[in-house]
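Labels run A, B and C following the written order; every chain starts at residue 1.
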Amino acid sequence: MNTEHQEWLEQLEKKSRAKQEHVMNDIASKLRRPRQTHAPTQPFRGAPAFWTDLEWDIDKRIQAFTDNFVSVGAHIARVRDIGEASDFIANKSHELSAKYIIRQNEQALTDLGLEEQLPDVQISVWNSQAEENWKARAAEADIGVVMADYATAYTGSVTVLSSPEKGRSVSLLPTVLIIIIPIERLYTRLGETLDRFDEAGRENLPAGIHFISGPSRSSDIENDLTIGVHGPGIVYGLIMG
Amino acid sequence: MKVSLFITCLSDAIYPRVGEAMVRLLAAHGVRLDFPPVQTCCGQPSYNSGYWDETRVAAKTILEAFDDSDFVVCPSGSCTYMIHHYPELFVDEPVWLEKAKRLEAKAYEFTQFLVQVLGITDLGAHFPHKVTYHPSCHGSRLLGVKDEPMVLLSAVKGLEFVPLPYGEDCCGFGGTFAIKMPDISGAMVTEKVDHIKETEAEVLVGLDMACLMNIAGNLRYRNEPVRVMHLAELLYEGVQTG
Amino acid sequence: MSQPGVMDVTVKERAELALNDDFLRKAVKFTTERLRNGKKSASEEHGNWEEWRERGRQIRLHTIAHLDYYLNEFVNNARANGVHIHFADTSVEAAAIALDIAAHKQASTVVKSKSMVSEEVHLNHVLESAGIEAIETDLGEYIIQLAGEAPSHIVIPAIHKNRYQIADLLSKEAGEILEPDTTVLAGFVRKKLREKFLEADIGMTGCNFAIAETGSMVLFENEGNARMVSTVPKTQITLMGMERIIPSWTDLEVMATLLPRSATGQKLTMYMSGITGPRRTEDGDGPDEMHIIIVDNGRSLQLGDPEFQELLNCIRCGACLNACPVYRHIGGHAYGGTYSGPIGAVLTPALNGNIDEWNDIAGASSLCGACYEACPVKIPLHDMLVYLRRRKVEEGHGNKLESAGMKGFAAVVSNSKRFGAAIRLGQIGQKAVVRNNGISLKLGPLKGWNSYRVAPSLAKRSFRQQWNKLDQELNQDKKEMDSSVRDRMEQILREREGGGGQHEH
């Protein structure tokens, strides 16, 4: 970033910090009390107690996740291990005549051995080298392959976290999205995943935390549902384990 | 025990038979209503339009009328609910504020009084007609009167109940709203009557004469032969023929 | 906040346009019904909805009551994450800051995801005037942008357009005839906007919630465009109302439970994204530079006002629009402001702080309370509409005719003698116009009423005129109260004396 731009940003920050005091003082004065400078006790924090008790056994979690995911037009397959997952992806790739695939740069996904399974397909590994336009690679990809960091049965959602090895674009730009969901990462409630972020604390959070609950959709035209507006229109969840 | 009738200005001036039905029905069960004549109007029309000084004038007649009553019974959910605004209206007048809080605790809409206070759900009525029910907004949403009328209707012999599609939708009266925004109000009551026609009911029953007056007006305008009755009138007629 | 010249036309006149537009009414009715039913199924299926609503309300109330703490925490944490924070008191300031950033980045194209605040501050207009292309990427917003119109519903902005109109608009854009088929039309938009996402200099978003403890912002969407604009372009600008704060991620579970179900009947939107700062140095995507503009624009005016502070609880779900019978009949544009429906009817005057200018919107309600019943955070909008009306009267902007009428009303109801006399007068006076116990005259205040109804006549004898006779008749045949009934009533009286006994409602 050039110094002029940096200077301008610093100037804005100075202004902003001064304004900040002003804004907070104004809020306190409108509320007719002195500034609240330490954390107030939250009388009600998070979900009601009866909810946080909810926990389903693994079979129910798998069933609920499947039902929810399928109900919004996504697809589910059960695979025993990474080998079966790899076969599934290879078959899909043939079926869809995919030319380009992009996957996250994770060991678990390297273990898929897609490069061996699909020698004729251009397989990109996110951010695996500098000087490559990874967003473009994701945009041209027919299939994006990611592994869920967490999953929630109650809402039929997966959670993916960004990192240098895991691009946000990989689960967003391709036409088809394949998500591998290890069953030990499948929880009952959304809160079980959300709580982790509170526990982790600000400094340990990635830039992008994305909950994905199915294919992209819209009903903006005469309430007629259309799938695949901006994000992937075809979504596969591979429940593994 | 002093059990008093809060007649409401609409029932007083236009639909006295509703008041009469209530009085007679309760008298048959040994509950005599008295009628403190000091009452005029609950003040809703001016309250809803933002004229609170004028509302206080009306409210004071109600507070005075029922000051020493033990129970106050009213054939309107919206007028009964209006009483819950009285503490807010008299927040700066301690004498009236005290009366308002006491009145809040003892005021009941008619079906609330029958079911919750008297514990009476079957009046021995016989009313062999097809009936649909419109739940007035203030009564059902704000005062919470939902089960009581259904319980009473289900005990009426021979009555064929048909639910009103989108029954919980507002009829479009809204007091001065119907005067100030007549076309929107007109569209809403037209839709309400369209739904009533769908039920093919002979009778529309309700708990609030404001709504019923509004709906009856449109039914008549469209020459629809549906009879419009307050639940008290229906029950009283049913008891007489029962 | 408003379309140019819109305040020259009253709500009544705008409503008339809507009432006469058959397609609009059918479209609005169909959509609101679909959404309303969706909410009903989703909330019933989930269960314990009232407890969740109360929870949501408590979390929002608490946050707003301590907004100086939580907003401050959010700002400090967001800055620590590398976000550039800006404060805008007014809509003009907010747009100016956004323009300043865009100019410094020498941006020629901005891609935007859904943001009501950006509508509030007329951002597109400001950017376009400076020669910057600002493209709405939400399908509905894109459509109305092409049409040059404002959104008519918070969640489904192009509800008022039929597919033929949409096909026309998109065909012009495509330079070829597109079939009025949803898949074809959406397919065109996907392709067209893809190019824009990839080449845009700046991505702009709104903000559904901002988490104070970690300085993160949360976006709910179904299409994927909000993720696009916050992942692909090198610079991100987010517009955020200052009240959009929640304390923690665990509190987000409550909002994520209430919002999608209330808005569209979904368990969760297809995408829910938590963004904590710009990209990390080693990340391969995400913006290099991230700005959040915190917008006041009248929100802080509600703080400390016991009648309107709860307005800030709003999570912009649109459930009140879908529940409102008036909205269903007149659609969103009749409300004249950025926000329509019941929330708009209160927000617009409240944010503007000038009741007199936006007076008639608060009048377009029958106070049925459906909005309050639908609101996932229990905002008493039906009460607030009355407060607005009262403030208008108190400030001397009441309608002269209405004020005179109310004075007359007060005179009549001030005591029962006058009241009785007025009724007697009416009974005599109406004889000239009553036919078959009805009045069809379309004159004066009866004109509107009798355009759709036959008004009732006053009874020949009022209740109070008949009372003595009725009372005496019943004295002839006194019945005894059943002892169980008497016991119940006495029990209630005892409970009341004891301080309890507030009967249920």
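We take it that a contact is a pair of C-beta atoms (placed from the backbone, for glycine too) under 8 Å apart; a residue touches a chain by one contact, two chains touch by 3 or more.
Just so it is clear, the model here is predicted, and its values are computed rather than measured.
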### Task
Specify the contact topology among the chains shown, as one of line, ring, star, complete or other.
line
### Message
Just to be sure I understand: the centre of a chain is the mean of its C-alpha atoms, right? Then which chain's centre is nearest the mean of all of them?
### Response
C
### Query
Using mean CA coordinates as chain centres, what's the chain A-chain B distance in Å?
54
### Query
Which whole number of Å gives the spacing of the CA centres of chain A and chain C?
30
### Task
Return the distance between the CA-based centres of chain B and chain C, expressed in whole Å.
30
### Summary
Note: in the complex, chain C contacts chain B through residues 11-12, 15-16, 19, 325-326, 329-330, 363-370, 372-373, 382, 386, 388-394, 398, 402-403, 406-407, 409-410, 412-416, 419, 423, 426, 438, 445, 447-459, 461-464, 466-467, 470-471, 474, 478-482, 484-486, 488-490, 492-493, 496, 501-505
### Touching residues (chain side chain C, partner chain A) in the complex
27, 30-31, 34, 48, 51-52, 55, 58-59, 62, 65-69, 71-73, 75, 77, 79-81, 84-87, 104, 137-140, 143, 156-158, 162-163, 166, 182-183, 185-186, 189-190, 193-194, 197-198, 213-216, 222-225, 227-228, 230-232, 242, 247-254, 256-257, 267-280, 282-286, 288-289, 294, 296, 300, 303-304
### Task
Would you mind writing out the residues of chain A in touch with chain C in their complex?
1, 5, 8-9, 12-13, 16, 19-20, 23-28, 30-32, 35-40, 42-48, 50-51, 68, 72, 126-127, 134-136, 138-139, 154-157, 162-164, 167-169, 172, 189-191, 194-195, 197-198, 201-202, 205-226, 228-232
### Task
Within their complex, state which residues of chain B touch chain C.
1, 7, 9, 11-17, 19-20, 23-24, 27-32, 34-35, 37-41, 43, 45-54, 57-58, 61, 70-71, 104-106, 108, 112, 116-120, 137-138, 141-145, 168-170, 172-191, 213-214, 216-218, 220-221
